[in-house]
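Across the two complexes that follow, subunit A remains constant while its partner is subunit B and subsequently subunit C.
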Partner chain A sequence: MKISYYPGCTLKTKAKNLDIAAVASLEALGVEVEEIERWNCCGAVHSLTADDLIHQVAPVRNLIRAKEMGADKLVTLCSMCYNTLARANEMMKNDPVKRDTINRFMDEEIDYNGDIEVVHYLSFLKEEIGWEKLKSQVKVPLTDLKIGSYYGCTLQRPTEVGIEPLGHFELMNDMFTSLGAEVVEFSAAAKCCGSYQVLSSLPGENNAAAVVINTAAKEGVEALATSCPLCEYNLGKQQQQMQDKGKIEQNVPTYYFTQLLAVALGLDSQLCHFELNDKKSLALLEDKNYLVAA
Partner chain B sequence: MCETEQKKQVTPRVATGDRAILPEGAKTIPVYIMGKKYEVPETLTIMKAMEFAGFHFLRGAGCRGGICGACPTVYRMAGDYKLHFGLACQTVVAADMYLAQIPFFPANRADYSIDEIGGLPEAIHALYPEIFRCVACNQCTKACPMDVDVLGYISALKQGNIEKAAKLSFDCIQCGLCASRCLGEIPQYHVAQLARRVYGRYILPNAEHLKARTAAIESGYYDKMLDELEKMSKEELEKRYVEREREPDFAEVGSWKPEETRYL
Partner chain C sequence: MTIPISDHSLSLKSIEEINTLSGESVKVCMQCATCTGMCPMAEEMDFSPRKVMHFVQFGLMEKLMDINTYWKCASCHACSVQCPRGIDIAKVMEALRQKVLRKSKNYIEPSQMSKEAIAEMPQIALVAGFRKFTS
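On to the complex of A and B.
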């Protein structure tokens, strides 16, 4: 099986640990991953301004790239990219006036009408690989890992593009169950991490992130998994500083879900680039003896 | 009226210049330079046509060979809203062109010392944070007279891929038309130049043969030969030049050796 893949800028720079583990895992599961050619920024954040079509050009251009390669689906991973691409796609599918304006503006490109399906990696795992097959491929079961699936905002909002309805976390939960981990449902799984507010708050003083960490710890979560580089930054990379400032009582190591997937599939831990996570993230996995080095 | 028009066509009233020579029987066409109509011979480039019309280029002209980037032009054809872009020294005039030269664009250029900034994408991001204002409108690529994928190299830099940006921007001649069209106010061509410099300084491996040659020069190996040349009379130098051994024009690479091997 071959898929068209859109990685996104952050996954090629600050969040290589999200991208590399994701591609390696799919390859281990027998999927050929083809990065689309000449892709550009996804648009980074969906623009909510009504008269602001120029900010839809970037995501639509990527969808056109996928179409040029003959794809009918585009798999992506970063929550922000997924949200921005999927929402632009909905607009191109459902709003003939905006579609026409954009197609006329992009006169150097083929016309696009929203016929690519934007698929999140987790949905792809469920629909095209299946939990049973995934289970059978696990080499290092994540036994005893009390994992909390953290969805944040953009995987589920708005509902038209949500990977599943609000209040449901089955996709990531089922993946972790298949990997042998113990899934702990916690009440802050869809609470905001503080998002870009982190830019205007002092280091370690992002209260929204502290709420997520404290709630997770209190409700028995030992480790958090996310698919969003901004969530990972706020919850993971800022965690030491939150602790130094006394904002959180206890550490909850954070991971990209693809890192834990790669670990469970028995891939070389170098591929997971744990050096890009907070130090405690690697330490927990070492304590639990999950890591395989090539 | 009709007669006058016909007469005009036979002996056109054209502006004069000292560069272009109107071939016998050449037709003239109307073009608009900064909004004013001129009759210029067809087949001329925009630059030659402007000189024919009486303009003198003190700046905004360079190599006249399509490689220095000094003479970017923006033009539009009468009756069409679309803007077109080209180099004045390369683009041939057409009837009813509205022409404007953009010899310089006030694009931001960052100050840096290449030896101090390091070879990571973050260095480029820090010097030119405005690249993150790109919305992928692609006007830069459409404006490029060298067909460089400008959006492609700006995207590559956002993705941290300096090598890709350096290679994609290799044909850039720094004319600045990309920057003139950018709604994010990005100075693409300066960013690309930085990318190529970082690529050359930090990423490309150093050529071993260059190191060896530099070491030989620094050791003084060639000093004696240069001293010898410096002491020669003009006549002797001329004689040596005329009698010099020369590799045949189409000699296969590596097949030719001079008879005099003292200086090798």
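On to the complex of A and C.
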């Protein structure tokens, strides 16, 4: 099986630990991952003003790149890229006036009408691999890991692009159950981490992120998993500073779900680039004896 | 809280402008405050999302240009998905930000950010933040 894949800017630099573990895991599961050619930044956030079409050009261009390669689906991973691409796609599918304006503006490109399906990696795992097959491929079960699936905002909101309905976290929960982990449902799984507000707040003083960490810890979550580099930055990399400033009571190691997937599939832990996570993240996995070196 | 309403403070044209920019109709808001209850940033706002919707309904643009609510909004859509009147409140907040930004006024100045912060933050934080906070 071959898939067209859109990584996005952050996954090629500061969130390599999200991307490399994801691609290696799919390859271990027998999927050939083909990165789309000449992709560009998705724009990170969907334009919310009705008259702002110029910021839709970037995500639509990526969808055109996928179409040019003959794809009918485009798999992506970063929650913000997923949201931005999926919303631009909905607009191209459902709004004939905006579609026509954008197609005419990009007259150097082929016309696009929203016929690529934007698929999140988790949905792909469920639909194309299946939890039974995944379970059969697990080499290092994540036994005793009390994991909290953190979706944040952009995987579920707005509802028309949500990877599953509001209040449901089955995709990531079922993946972790298949990997042998103990899933702990917690009440802040879809609460915002503060997102881009990190630009306007002092380091370690992001209250929204502190609420997520404190709620998770209080409700028995030992480690958090996310698919968003901005969530990981706010919840994971800022955690020491939040602790230093007394915003959080205890540390909750934070990972990309793909890192834990790769670990459970028995892939070389070097592929997961844990050096890019908070230091305590690696320590927990070493304590649990999950890591395999090539 | 008392906000005096006069010909000077009330701008009917601005209500239409916000409706056009957001694609929403602010008059359908019934002031139930579900948005405020859902908002993860409400504590940091000087006026809650519900109050801001009320200001917009009355076209109190002068007042609205002077508050931090829409700058503290993280566009998380927690309000929008729960609004019983179906208003995409995140779009109203974006329209208010754009009213300021389109006058070439920035909320944050990228040149004032520390080099360390820029080096450390993921690109999506910077791209998203600059799109929300700068003109």
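By our rule, the second predicted complex is superposed on the first by the 294 of 294 C-alpha atoms of A that agree within 3 Å, B and C clash if a C-alpha of one lies under 4 Å from a C-alpha of the other, contacts with A are read in each partner's own complex, and residues count from 1 in each chain.
In this text, a residue touches a chain if its C-beta (ideal position, glycine included) is under 8 Å from a C-beta of that chain, and two chains touch if they have at least 3 such contacts.
All of these numbers come straight from a predicted model, not from anything done at the bench.
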Touching partner for A:Lys98 - first (subunit B), second (subunit C), both, neither: neither
In the superposition, subunit B vs subunit C on subunit A residues touched: C
First, second, both or neither for A:Cys9, with subunit B first and subunit C second: both
Partner chain in contact with A:Met106 - subunit B first, subunit C second, else both or neither: first
Touching partner for A:Arg38 - first (subunit B), second (subunit C), both, neither: first
Which superposed partner A:Arg157 touches (first subunit B, second subunit C, both, neither): second
Partner chain(s) touched by A:His168 [first = subunit B, second = subunit C, both, neither]: neither
Contacts of A:Arg61 with subunit B and subunit C, given as first, second, both or neither: first
Touching both subunit C and subunit B, counted on subunit A across the two superposed complexes: 9, 13, 41, 43, 55
Residues of subunit A touching subunit B in the complex: 9, 12-13, 38-41, 43, 54-55, 57-58, 61, 105-106, 108
Subunit A residues touching subunit C - in the complex, by the definition given at the top: 8-10, 13-15, 41, 43-45, 47-52, 55, 78, 80-81, 152-153, 157-159, 166, 190-192, 194-200, 203, 207-208, 211, 229-230, 232-233, 237
Residue ranges of subunit B in contact with subunit A within the complex: 121, 134-138, 141-142, 149, 151-152, 155, 158-161, 183
Touch list for subunit C against partner subunit A, complex: 20-23, 40-41, 43-44, 71-72, 74-78, 80-81, 88, 90-91, 93-95, 98, 107-108, 113, 117, 120-133
